[in-house]
Every structure is written in C-alpha cells, then in structure tokens.
Amino acid sequence: MTTTERPPIPDPIDLDRAEEARLRTAAGLSLTASQRGGEYAGFEDIGLPDRPPQTEREAEVYSLAEGEMLLNMGPQHPSTHGVMRLVVKLRGEVIVDIDPVLGYLHRGIEKLCENATYTTVMTYVDPMDYLAVMHNEHAPAMAFEKLYGIEAPKRAEYIRALVVELDRVASHGLMMGFLSLDMGGLTPILYAFINRDEVVDLLSAISGQRMLFNFFRIGGVNWDVNDEFLSRLGTWRSHVLKNIEMNEHLITDNEIFRGRTIGMGVLSGRDAIALGVSGPNLRASGVAFDVRKAHPYSIYRELEFDVITQESGDVYARYLQRIAEIKQSIHLIDQIIDRMPHGPVQAQVPGIVRPRPGRAYAAVESPRGLYSVYAISDGGPNPYRFRMRDPSFISLQALPKLMPGHLVADTMAVMASFDPVMGGVDK
Amino acid sequence: MAIVDPNTGLTRPKAPIIVPDQAPDDDLLREFGMEEHPQGGFHGLLEVIPTKADYVLDLIRANSLWPLLSGLSCCAIEMMSTATSVNDIDRFGMFPFRASPRQADVLIVAGTLTTKMAGPLVRLWEQMPEPKWCVAMGTCTTSGGRFKRSYSVVQGVDRVMPVDVYVPGCPPRPEGLIYGMMKLHELVKQRRGQWSTYVDRGPQRTRWEGDVR
Amino acid sequence: MEHVRGPRPAAHPLGRGRSLTTPVAVGPLVRLLTERLGTTARGLWTDADTVEIQVDGADNVEVLRALRDDDELDFFFLADAAAVDYGIDAHFEVVYHLYSSKHPAWLRVRAHVERGNPRIPTITGLWEGAMFHEREMYDMMGIVFEGNRDLRRIYMSPDYRSFPQRRDFVLPDDAADSAAAGVNPLERPETWDLDRLRQAPGVTFPPSEFRDDAPAEGPHDGVQDGETATDKSRPR
Amino acid sequence: MDLELLLGIGRFLVATTLLLLLTVPTAFVIIQMELKVIARMNLRLGPNRVGPGGLFQSTIHGFKVLAKEDTIPDQADNTTFTLAPWMVYMAAAMSMLVIPFAPGAIASDMNIGIVYFFAVLGLSVVGLLVAGWASYNKYSLLGGLRSAAQMVSYEIPLTLSVVGAVVLAGTLSFSELIAWQRENVWLFVAQPVGVVIFYIASLAEINRTPFDMIEADSELVAGPFTEYSGMRFGFFFFAEYVALFIMSGILISLFFGGWLAPWPFPAQLDGFAGTLWGILWFFLKTYIFVFVAVWLRATLPRIRVDQLMGVAWKVMLPLALVNLFVTAIVVVVLDL
C-alpha cells in the first residue's frame, strides 16, 4: 500500500449538514432557521407557523406573552390516544391555552364511501371508531334500511343489540385502563385488556374477525349465534363482574387516583350541551340524554334499563359513569339473552342494493356519545352523500374550554376521561 | 479499507456526499476490485465478514429490541394487546416500550400512514439511533390497505422509509405480530437490515427506481 | 356500587308483526313549525321519524335561534351539521339536525348555499359546538362561514389547496387520465420533495410566501365572485 | 509515609474499585427482578427466552444499550450533555462507600458516614438538572426542573428523619449505629415515625413510583433523558436502580439493624464467618425493601407535581420536626 497520507475521513454530521444546505440552496428554498442560526433557531420546529396568523384564534394561540412557552405534544405522544397533536401554551407548568391540531389520521372515509356500493360501506366505516366497531356498523345499517325501506327480522335486531352491548362493555373497560395508564398505573391497563381480549374473542367467534368485525348487513346480520359464541358468552358473563371489580379495587378508592381526578376538568351541563358533548361525558355532567331512550331504535324500546347520571362532571364522575354503564350493559345483555326469539337473521336483499332516492338519518348511542349517519341516495348503487358525526371529534372541543388553569399532568387525565379515538376523530 | 462506522461496527456503504476536494470513496474502493451492489454496500475483497463476535452482538441486539411507543390507528390496539397478559411480547425482551425515539430500536408502524403524518414519521425514524429496524404492521401500513384509493393516504410506508418486516392482516392478530418479530430476529442475526441503505440513498431511490406505479 | 338487578320474568311475546320503527307522532311539531316559521321555512316534509324544512342560507341563524329559544319547540341540542354538494352545476347545502326533548322526531334544517359564492353565516354564536363542524365543512367543501373566528383547515394540512369532498375532486385512480387532478403530490414519487417530508409536522412547510406557484388560500382571498371554485381545486 | 497509612490507602483503593464494579451487577439483578415481578403482578410471563428462565434478560438489555449509537442533538451543549450521566452515576456509586455490608466489610468506616451519604446524594440532583437543560428539548427542560424541585424538597425531610435516630444513638457513623442497635432495640421500634418519613422521602429521592414525576412517560416523554441514547442513557437507567439498592441498604442500616440477624448473634461467629453471616442478612433485608419498591411501581399511579410538593413541605417536614423534638425531650428526660 502506498504510504501517501490519506485525507482524514470527514465527520458524517458535518457532511449531512453540508449536503442539506447544498440541496436547499440548489432547490431555491430558504435555509432552515437552525441553519441560518438566527436568535430563535429552535422556534421553527415546534409548530409556530411561519406565516401571518389567518384567524383570530390562531393569532390568540400562537402569540407568546412574557414567560410563556409553546409545548408541542406532537402526533407521536405516548399518552394521546393515537395521533393527535396538542399545541399547549404553558406558563411554567400551568396551561394557558391549548389548540388541538387534528388530521394526522384523516383517511377520507366519506369520500371513499361515495364511490363504494352500499354493502362495502360497512368495511370503510369499521376502522373509524376502532374501539367500538359494532356501533360504527349499526348506524349505517339502520340508515340504509330506512332508505331501502326494509326491516331486519326480530332475531337479527336482538343479535345486533347483543353484540353492540358487548362491544360497549369492552370499550368502557378499556377506558378505565387508559385512564390509569395515563396517570402512571401499569397494572389496570393489563387487567382491562384481559376483559377486552375475552370479549373480542367472543365477538370473533360470531363474526370471524378480532377487531374490524364487518358483521352487520343491510337487513340483518351476517351469521346467526353459534354454540361457541354462546358457551364463551356464558363463561364471560360468569366472571365479568369479578374482573371489573378486580380492576376497580386498584383504581376507585386509590387515594392518589382520587386526588388527581376529583375536581379536574369540570364540565357543567350547560357548557356540555353548548359544546355538543354527548354520551357518558354528557351524562357525567348531569344531563340525562341517551339516544337509546331519547330516540329508541332497534329493540331498546322493549328492554328495561335506566339512564344513570353523575353530578360533578369531573374526571372522577366520568370514570364512575363508565363503570355504571358497564353494569347497565351487562343487565341489558341478560335481558336480550332471555328474550332472543327464533327466526331468520338476514332479510332477502339483492346483491347490489339500489335504494329509492331519498334521505335518512340514523343515530346510535356509542360508548363515546351520539354517533349518527346522514345518508342521501340517488337511486344508484353507491350512496350520493354519506356523512358521519363522530362523538369524540365533537367532544374534543371541550378541551380548550376545560384545560386553561390546569397543569400539564392534568391534560393526560382529562384527555383519557374524554377517551377520544383518533380513527373516529379524523374520519 | 471499508468504512466501518465507529459507533455500531457496521459498514456504512459509500459516504453520501462528495466533498469536492476529496476523491469520492467508491473510487477508493474500486482500486481493490469491489463492485457496488444496487442496494448500496459493496461486494468483493474487502467486505467485512461478520465473525463470531459480530454474531454474539447480533444475538444481544435481537433479544432486546425495544419498540417505540407509537401507534397510528387500529393496529396500535392489537400491538397493545400483544404486550398484554394473554400473548406477551415481554417474553422476547421487548417490553419496555420506550416513549422517546432516542432509546428505541424498532419502529413498529401500526396503522394507516396519511400524508400529513408522513413528515413526523420520517422525522421519528431519523431520530432513532442506529442500528434500527422498521416493522410495517397491517395492510394499511404495507400498501395503503382498504384506504388505497384515498386522497390523503400514503400507499405504503416503504414510500417514505425503509421497512424490514411487513406483517399482513387488518389488523394482524397478536400472534401474527409476534411471528413478524421472530422474522425480525432472524433478520437482525444476519444483519440484513434495510436502514443502512436509507442513510445515503433516501427513500425514493431505494427499491423501486424503475418501478412504475 | 349498587348491585345489578336480576332480569325480570320474560315479557309477553312481542306484538304480532308490530314494526319497530312505528312512525312517531309529528303532528304538534309540524303545526308549531308552520305557525312559527311560516314564510322562511319552505318544503316541509316528514319521514317515519324526521321532519325536514328547507331554508335560505342567509337566514339560517334566525331560524335556528327561533327553534332553540322557543320553549314549546325547545331544540336545544345540535346533533349534526353536514355539507352536501349536489353536483358541479347545482348548489351546496348545509344540513343541520336538531334534537328536542319535547318532540319525538329529529328536525332536519337544510340551508341552501349557491356554489359560485359559498358563504353562509356561522352558528357558533348559538352553539359553540358547531365550531368543529364548520371547520370540517370549510376544509372538505370550501364553504366559508362568515363570522367564524377560527376558520382553519382541520383535516388537511394548511397549505393544501383543493377541497376534497367536492364533486369535481376525483379520487386518484378515477383521475388516471387527468393530470393528477386533486391528487396530493405525495402520490407520485417522482415529484417528491424530500425536504417537505423531513420538515416537522408537515404543517407549515414550505412556508406559503416562499411558494410562488400557490400562495396560501385564506378565507378572505378564497373564492372570488363569478369564478367557480372548481379551477381552484385543480393544482396548476 | 509510614507503612500503615500506605496500607490504609491501598485497602481503600481496592475497596472502591471493588464497589464500583459491584454496582453494575446489582443494577442487572434489580432490573431483572423488576421485569419479572411486574410481569407476575400483571398476570403475564416475564422474559423467559434469554438464559435459563430469562435470567440474563437484564444483562442483555445492558449490553445492547452499550452497543447503540449515542447521538448528541444538534443544538445541545456538548460538554454538559456528556457530563450529566457521569454525575448521576457517580452520585449513586460514591454513596456505596459507606454502606455497612458486614462487621468488617465497610469500604471506609468514616465517623461522619451519614453526613457524607446525604452530601453525595445531592450530586444526582445537579446531574438531572444539567441533563434536562443541556439537551435543548422542552420536555427534558420541564423534566429537569421538576426533578430538581422534587429532590431538593424531599432531601430535607429525609435528613431530619435520620437526625432523630442519630440523637438516640449518639453517633454519626454507621458501624457504631449498628453496634448501638445490637445492644439496645432496633431503631425502627424506637423511631417509627422516622422510618415512615425516611422511606417515603427516599422513594421520592430516587424518583420511584409513586413519585416518578420526572420520567413520567405519559406527560414528559422521558423526562431529562429524552435526548439521551446509547450508553449515556444506560448510565441514567442503571443509576436509578443502583440508587434504589443504596437507599434500601441505608434504610436497613439506620433503622433495621444493618447486618444484625433478628435473634442475638451466636457467640463463636466472628472474623470471616461473622462477615459472611452479616453479608447474608444485609442482602436479605435490602432485597425485601427493593421488592416493596418494585411492588409499589406495579400498582400505584403517579402523584401530580404540586401534590408532591405539598406533601413534602406541609406534611413530611413538620412531622419530621415534631419527631425530632419528641426524641430530644425523651433523651434529655431519661438521659439515655
């Protein structure tokens, strides 16, 4: 080997920087602030928009007063339930203002549904609220049946109510786990998943899929109740209350948990109605509005259950509300199993459904609130317009109203108590 | 003399940037009869041959892959139920889901990647220290899945970052994800990770230069 | 926790053939609507469980305020606000669904918005909860809500130029022939700008004033009169 | 330089290197124990693939962290960024010197052992604060400030709770303290309030649940060490577990009779056999309290920052002062 003195290997970091600067100047783009090395070198990547604010709210949130700081709880944040970005304006640890930035999981489901036949709309709608998938399918099924002018047989309606209530128990059980996970408890989330995995295996015995069931059809359900489903239902029913109580012992009367949730994120009934919050969060503020009682659909007219409300409307009340609703759902499941009639589970419906031109609105009580579908048909094979109202998307508006004044640690608790699912929020 | 990365002991294929006053590295290597592999990296006389010590190091890395705590949509719930009591990913040494990308080895992309989320995800991938691997979990992540025709979905994560293991299923069962992790173990033991090709080539020039889609 | 009550003895089998969705009694609601909103509400129409009225876009706030504040009507909860596009040469429509504890039917108010100048007064004054509804309608359909203090895009990134849910916005593979109409440049790798990806949340880069080909489209300089929104939605 | 001084220095150097090397295996053992215990409490199988029954899992984690690339952020302040983990680990390692493992086996039997221990413990506060500031990341800045506030405000009750025991025993060195406990009663009987305050304050001092505010996963991504990767993060990771071992060791030395067996010593066990017997009992008792700390981590959620401060200043401090006051009166009246 010749012993010519070899130039030293350049440090890769400087090489990357040189390349970055070269590419940017070549593309005629401005250097990033950090490369310009200006005084606010680090400002450009925390979401401070570099164009003049376009709306009053944006000017209000993104203008920093003295001693304030913008913290970017970014799309990948361990505790937000999925990809939601909260730009939080902090003064020390106290939150001054909060601005949710959504859209990181926007898949354009409504546009896709306008190009899909009525039966394939069920598959597009499944991954929306992926913790309460049966409810996602229940509302479109009811809306399309109104459009098509057909009615599901009695047994199909009972099976629908059964699987919907099972899904509600699993979803509310998970909420308890997420709430304690966001406050540092490691074990409740795993106990909650035990209950959820049991319910999911139960539902996969009847629908064949673990999570995105695709079980509802226009005019009924896909399969009848089989014996594996019933035997698992029996074993699950026998120990579900014990499982829920096991989780409750860890959380409900835990002094640290109560200290961190009682009095946090108080939402009054009047504000909740004005903000469009619905479901357990609304009932936790004292307003008894439950779609199953307000506009009884399916067989909820014949089932006997009561709408439970709490008074204080804080994080602890929402937690208690969900436990009470789990018990109501179990009570409903008992009644449904008692009164399940015999008969077909699927009405006679042609392969490609072409409903008469018209409009239909169907609302369902999902674990996160009023989930409703507004479908317009023009007589063709695919819906002309398919609009979905997702409850967690609308109830997220309460965050900017509730959070100012709380601490950063409380954002996680209040967020977990609202239990938003980003698939539904971003549609 | 192959360029051995001081930190990880892995060979980094030719340095990406040609600094004007220094002869490009691949010319240096061509003197020794090394020809360039289309995927990046070199074959020939001076290739670094993994020895027993490298194999032990790979075994250590394989058995303690820390996944990054980041889920996009429904597959994230199945990823969580993989880490729970019924089927437990902690048995393979993967439990502490690290919250910060700086301490993570594996980025399990679980869910539909949308155009708005592509920027942050690429940034997350670049913040992870080497050696790092990527597992695309679910059909939405691998190829856009049931939302392939949508206007705001990136049709496959490998358009923005190099992916090592694709786990099919919508969502894949926890056992499916664990099977994908076992495949990743084999891949780690044979050092066939994709990330080294990303460093100098960038995503779009990876596999499908000629591919017309 | 109070204990779960045991199931009641099985009730009598269901009525013979009584259909579940029996039409609800909408008589008093229809009479009140004609009485209160006689002229402004047109095309009153009822379904098994919904009552529908059509209204001009300009006086949607006045109608909704009457529906909400009148204690006999008492439609206090805004369930849903949706935007519907009836075709390239037809008009837009903003559809509000309201719930009242006094009447057993849903009330649907359809406000007419012409396509050339998609402007309609905001109802965030009546319900704060309508903010996200309106931001989504602006983002998806390009309907500008006058008086809304926070009309930004909620789903797409702020420098996205087209309105995806309009009828003239076609999905990628339907638009195989047209030159990527409405397709986000990210679909075609050869147009990739790696820096746009590397930047943080894909929100603000490249900064709009630097991009000469498409300055940011704020509500104020959005759709001029006469010029249809369609050509705005195709990236030049 | 007389021979005796040289011998003493030599003995001290050997002891310190031995202890420094001891910290790494203790960290591995405790991490392995935590992985398995938390897994069992979550009703799941812990790691069982690496080594017999998964025993080597924590060592594998340690070596993997060793082999990772350690990145330094672009705008980070390089010198302090690299020094911070060293400071935190040194605080933990240096306080190993005064732990009384057995009758003869103390690295340096200082007569002011307790004061030295609390002085060294303060160093880790500086380390975390510097780590939070140097890594130019908002999350780590918040985490660093929180950890500084928490540790400073919990050091005071920690120290005061020990003063009661010192007043009773009349000495500041660990070995004499243990000797006092051998004659009289174990100090946790004499100082019940002191034990409780010490244990709670020690949990807060080493950032264990329910006080692990600084690396609160859900809020501040990973606290001060968000930007640390590779072996630098490894230092932080090990320092936390070594500190847990040390805190338990100090707790049992002060209040639960160090290396004393619960029943009086058999007379003939002295010299080498006595040391072994002492080491056995020391490690047994220490790992009981380590298990309790891990048990707490599995069950309890996290306390919020302001409640944390409130408990420290409004509850623990006055209680510790009252305890000290009562002990002083008892000592004066009964002139122990």
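First chain written, first letter: the chains are A, B, C and D, and each begins at residue 1.
Keep in mind that, in the parts below, contacts are C-beta pairs under 8 Å (C-beta built on N, C-alpha and C of every residue); 3 or more make two chains touch, one makes a residue touch a chain.
Model, not experiment: these values are computed from the prediction.
*Asks:* Give the identifier of the chain nearest to the protein's overall CA centre, each chain being represented by its own CA mean.
*Replies:* Closest chain centre to the overall C-alpha centroid: A.
*Asks:* Out of every possible chain pairing, name the one holding the most C-beta contact pairs.
*Replies:* Top-ranked chain pair by contacting C-beta pairs: A-C.
*Asks:* What's the chain with its C-alpha centre farthest out from chain C?
*Replies:* It is D.
*Asks:* From the C-alpha centre of chain A to that of chain D, how far is it in Å?
*Replies:* From the centre of chain A to the centre of chain D is 42 Å.
*Asks:* What whole-Å value do you get for the distance between chain A and chain B if each is reduced to the mean of its CA atoms?
*Replies:* Their C-alpha centroids are separated by 30 Å.
*Asks:* Taking each chain's centre as its mean C-alpha position, how far apart are chain A and chain C in Å?
*Replies:* Chain centres of chain A and chain C, defined by C-alpha means, are spaced 20 Å apart.
*Asks:* Distance between chain B and chain D based on Cα centroids, please, to the nearest Å.
*Replies:* So the centre of chain B lies 39 Å away from the centre of chain D.
*Asks:* Tell me, which residues of chain D touch at least two other chains?
*Replies:* Touching at least two other chains: 42-44, 217, 221.
*Asks:* Chain C: which residues touch two or more other chains?
*Replies:* If we look for residues of chain C contacting two or more partner chains, we find 155-157, 164, 169, 171, 194, 199-201, 203.
*Asks:* Mind pulling the chain B residues that touch 2 or more other chains?
*Replies:* If we look for residues of chain B contacting two or more partner chains, we find 69, 84-85, 99, 116-117, 120, 149-152.
*Asks:* Which two-chain combinations touch?
*Replies:* Pairs of chains that touch one another: A-B, A-C, A-D, B-C, B-D.
*Asks:* List the residues on chain A that touch chain D in their complex, please.
*Replies:* By the definition above, chain A touches chain D via 34, 41-42, 46, 69, 71-72, 77-79, 93, 180-187, 190-191, 194, 250, 254, 256-257, 259-260, 407-412.
*Asks:* Write out the stretch or stretches of chain D touching chain A in their complex.
*Replies:* Spelled out, the residues of chain D in touch with chain A are 38, 41-44, 74-75, 136, 138-139, 142, 146, 209-210, 212-213, 216-221, 297-307.
*Asks:* Can you list the residues on chain A that touch chain B in the complex?
*Replies:* 7, 9-10, 12, 15-16, 18-19, 22, 74-76, 78, 82-83, 103-109, 111-112, 115, 123-124, 127, 130-131, 189-190, 193-194, 196-197, 200, 210-212, 422-423, 426
*Asks:* Mind pulling up the chain A residues that touch chain C in the complex?
*Replies:* Residues of chain A touching chain C: 23-24, 27, 29-30, 32, 44-47, 49-51, 54-58, 72, 74-75, 85, 101-103, 106, 108, 110-112, 115, 146, 151, 154, 157, 241, 245, 248, 273-278, 289, 294-295, 297-299, 301-302, 304, 323-324, 327, 330-331, 334-335, 338-339, 341, 359-361, 363, 370, 372, 374, 376, 385, 387, 389, 393-394, 396-397, 401, 426-427.
*Asks:* Contact residues on chain D for chain B in the complex?
*Replies:* 35, 39, 42-50, 54, 57, 60-61, 63-64, 67-71, 217, 221-222, 225-230, 233
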